[in-house]
Amino acid sequence: MFEQIIENVRKNIPLVHNITNYVTVNDVANMVLACGGSPIMADDPKEVEEITSICSALVINIGTLNERTIESMILAGKAANKCGHPVVLDPVGAGASSLRTNTVYRLLEEVRFDVIRGNLSEIKTVHAGGGKTKGVDAAAEDVINEGNLDEMVQFAKMVSTQTGAVIAITGAIDIVANKDEAFAIRNGHPMMSKITGTGCMLSAVVAAYCGANPQEILKSTAAAVSAMGYCGELAHQKVEELNEGTSSFRTYLIDAMSRLDYTLLQGGMNIENR
Amino acid sequence: MFEQIIENVRKNIPLVHNITNYVTVNDVANMVLACGGSPIMADDPKEVEEITSICSALVINIGTLNERTIESMILAGKAANKCGHPVVLDPVGAGASSLRTNTVYRLLEEVRFDVIRGNLSEIKTVHAGGGKTKGVDAAAEDVINEGNLDEMVQFAKMVSTQTGAVIAITGAIDIVANKDEAFAIRNGHPMMSKITGTGCMLSAVVAAYCGANPQEILKSTAAAVSAMGYCGELAHQKVEELNEGTSSFRTYLIDAMSRLDYTLLQGGMNIENR
Amino acid sequence: MFEQIIENVRKNIPLVHNITNYVTVNDVANMVLACGGSPIMADDPKEVEEITSICSALVINIGTLNERTIESMILAGKAANKCGHPVVLDPVGAGASSLRTNTVYRLLEEVRFDVIRGNLSEIKTVHAGGGKTKGVDAAAEDVINEGNLDEMVQFAKMVSTQTGAVIAITGAIDIVANKDEAFAIRNGHPMMSKITGTGCMLSAVVAAYCGANPQEILKSTAAAVSAMGYCGELAHQKVEELNEGTSSFRTYLIDAMSRLDYTLLQGGMNIENR
């Protein structure tokens, strides 16, 4: 199953429409290319519907939202829904300002999302407006660990039931769930939180994977999360070998994705069915 | 001739005004510095005329255009025309949406361009609105190869006649032409299409080269295209040696440009007069 | 003193709100993370007050200002003043256009800055509107050297008296001064001017350092300037060893910051009390 998913991305070269923030947009574009997709960034209300209609998937990332781009997110989201294209929401910093929180609520009302990916603080905000987001990183108490994993899996399933979307909560352990089924993924490295954009890049990879495998949203999301995490592990190994730092880590993360195939990933994937 | 062109860039340090997209803007700025120029990015209608007047060249790149920046493009383009500064158009994704296509047509009407650089799909749209652009990359059938090179050279000359601009079509083989004369350039490496921004970076390097050599637009453009392609070859060699990936390639591409001089370039240039 | 400052950054992980340009924003975010802080970028008038209130410091960088973001700068600046958070101004390209110069004057009137960091041309504009800014880099005649250092130290103290802010002028020699006291810092490498964003990154590091040490604005600024310069030296050494270029330099600059602690910095700091 995962083999087919990975191969389809390289074979279909899904065109991914990104309405995203200007902080990490370059890494996102390069990561989409690295994983086998083709990125297009367009955020003007006058073109987003047309652009999204020629794509295979859409990512809505609210990292540096503003009035103009919020309108574009709604328009593009609805157009992608009409086309039946997978739509991924990355609610960056939801909970950190009313603009972000309210935009997420408005998006959830007007657009049907196939996947919502965020850290635990952001997903808590998606659920209830009750997240204690500290900026764009998860709050210290919002950690998934072996101790609360069962509870968090239940939480993810509940948010999936509530939203109709596959929920991907990323952290020390990642959870990917729909209302019935869940995966716990133990890939990744803490250094991923020492650069900006790993979350944004992952959301776009999820979109590329889902765009190439629209019938397998849950498993495609899990594969993308595991692939990204494993690339983080490989990048960290290289940084350690060479005594380098966080910017080299970013380079090697994208490098690793650009060289990843199923044979390589198979050796590192750590996905558990819960 | 090419030697003088390259030396003038390092000597004159042309200030290049970029109205460009937020996806690749950082790479563009670093590439302009690497090739010997100095970049300034400014896109507000209230300052673009003033900014462009202190520069040596202007690049208009429509990669993430919006209403506000389209107005700035028109204002800056006209101001640069008045100053007699070289103006380069990069019609990113022309053909992918009516907003992009119509903006290109409006720009062509209101601004006189010295160089237009794009992939074949984009240049076809410039020519006739008939390009089948798939996103921001060239459509699969829009390929320049040895088989259709003569035809493509004629096409480039025709678009040059039509627009008054030097036309640079980049692909497996690159063509640079004015209405009378053309160069076919066989530098570059396919990995250049596996990162975002090589086209945008090249357009800015063209502007730097033309800004430092305003009397030699055709040859400066050819030199820039060849230099960029050769840097791609050098970067690819290094990535292969070190078993790295696409993000390292991006780093080495800019590295190579920052170390390029005519002696080095001469060993790799592959420019044929057609 | 400097030891405590550096340690406080790693310990407190100051959240830094950046209203900044889209050219160097990714490097800025990664550099804030590398130095021990946590970045958040938000520039919409509807959320900047709320966002800045949950942060420890604010940076206002006018690199690609526009009407919408100018309003946000004013709102955020006033909110940060109300909260008592350190506010850093980076007047990128002040003097290059009336929009930039006037925005700086308006900001100086409406917001109380704790630190203003720029090159000599920009700080001259801050002082008197008389800078001869050539684009976003310092004009050739605006150089600090051993010959004019005393005069420049007096100038910095004067601008500090005038604005109430600590003044950081960066160049071949850096000066950090309040109205009574000054430091001359001889760290850094000319290659820092061959990539975009070293100034922007430094302003954000200053904000992180001040955010973690709000009682020590002068010394925190000096420590940040010295740390950044020393990382530039380390990065340059590595580039030379490996025969690489400017893009590798950027990577190693951030790498160096991500590995910097006081023990390492102590060996390289070159700060003189003037």
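As written, the chains take the letters A, B and C, and residue 1 is the first residue of each chain.
The working rule: contacts are C-beta pairs under 8 Å (C-beta built on N, C-alpha and C of every residue); 3 or more make two chains touch, one makes a residue touch a chain.
Because the structure is a prediction, the values reported are computed rather than measured.
Colleague: To test your reading of the model: what rotation angle superimposes subunit A on subunit B by C-alpha positions, in degrees to the nearest 5?
Modeller: It is a rotation of 120 degrees, to the nearest 5.
Colleague: Between subunit C and subunit A, is it the same set of residue numbers doing the touching on each side, over half shared, or a different set?
Modeller: Result for this pair: different.
Colleague: For subunit A versus subunit C, what separation do you get between their C-alpha means, in angstrom?
Modeller: So the centre of subunit A lies 33 Å away from the centre of subunit C.
Colleague: Return the residues of subunit B touching two or more other chains; collapse runs of consecutive numbers into ranges.
Modeller: 22, 26, 250-251
Colleague: Which part of subunit B faces subunit A closely enough to touch in the complex?
Modeller: 21-24, 26-27, 63-67, 93, 96-100, 134-137, 194-197, 244-248, 250-251
Colleague: Across the complex, what residues on subunit B touch subunit C?
Modeller: Against subunit C, the touching part of subunit B is residues 15, 22, 25-26, 29-30, 33-34, 38-44, 46-47, 50-51, 54-55, 68, 250-259.
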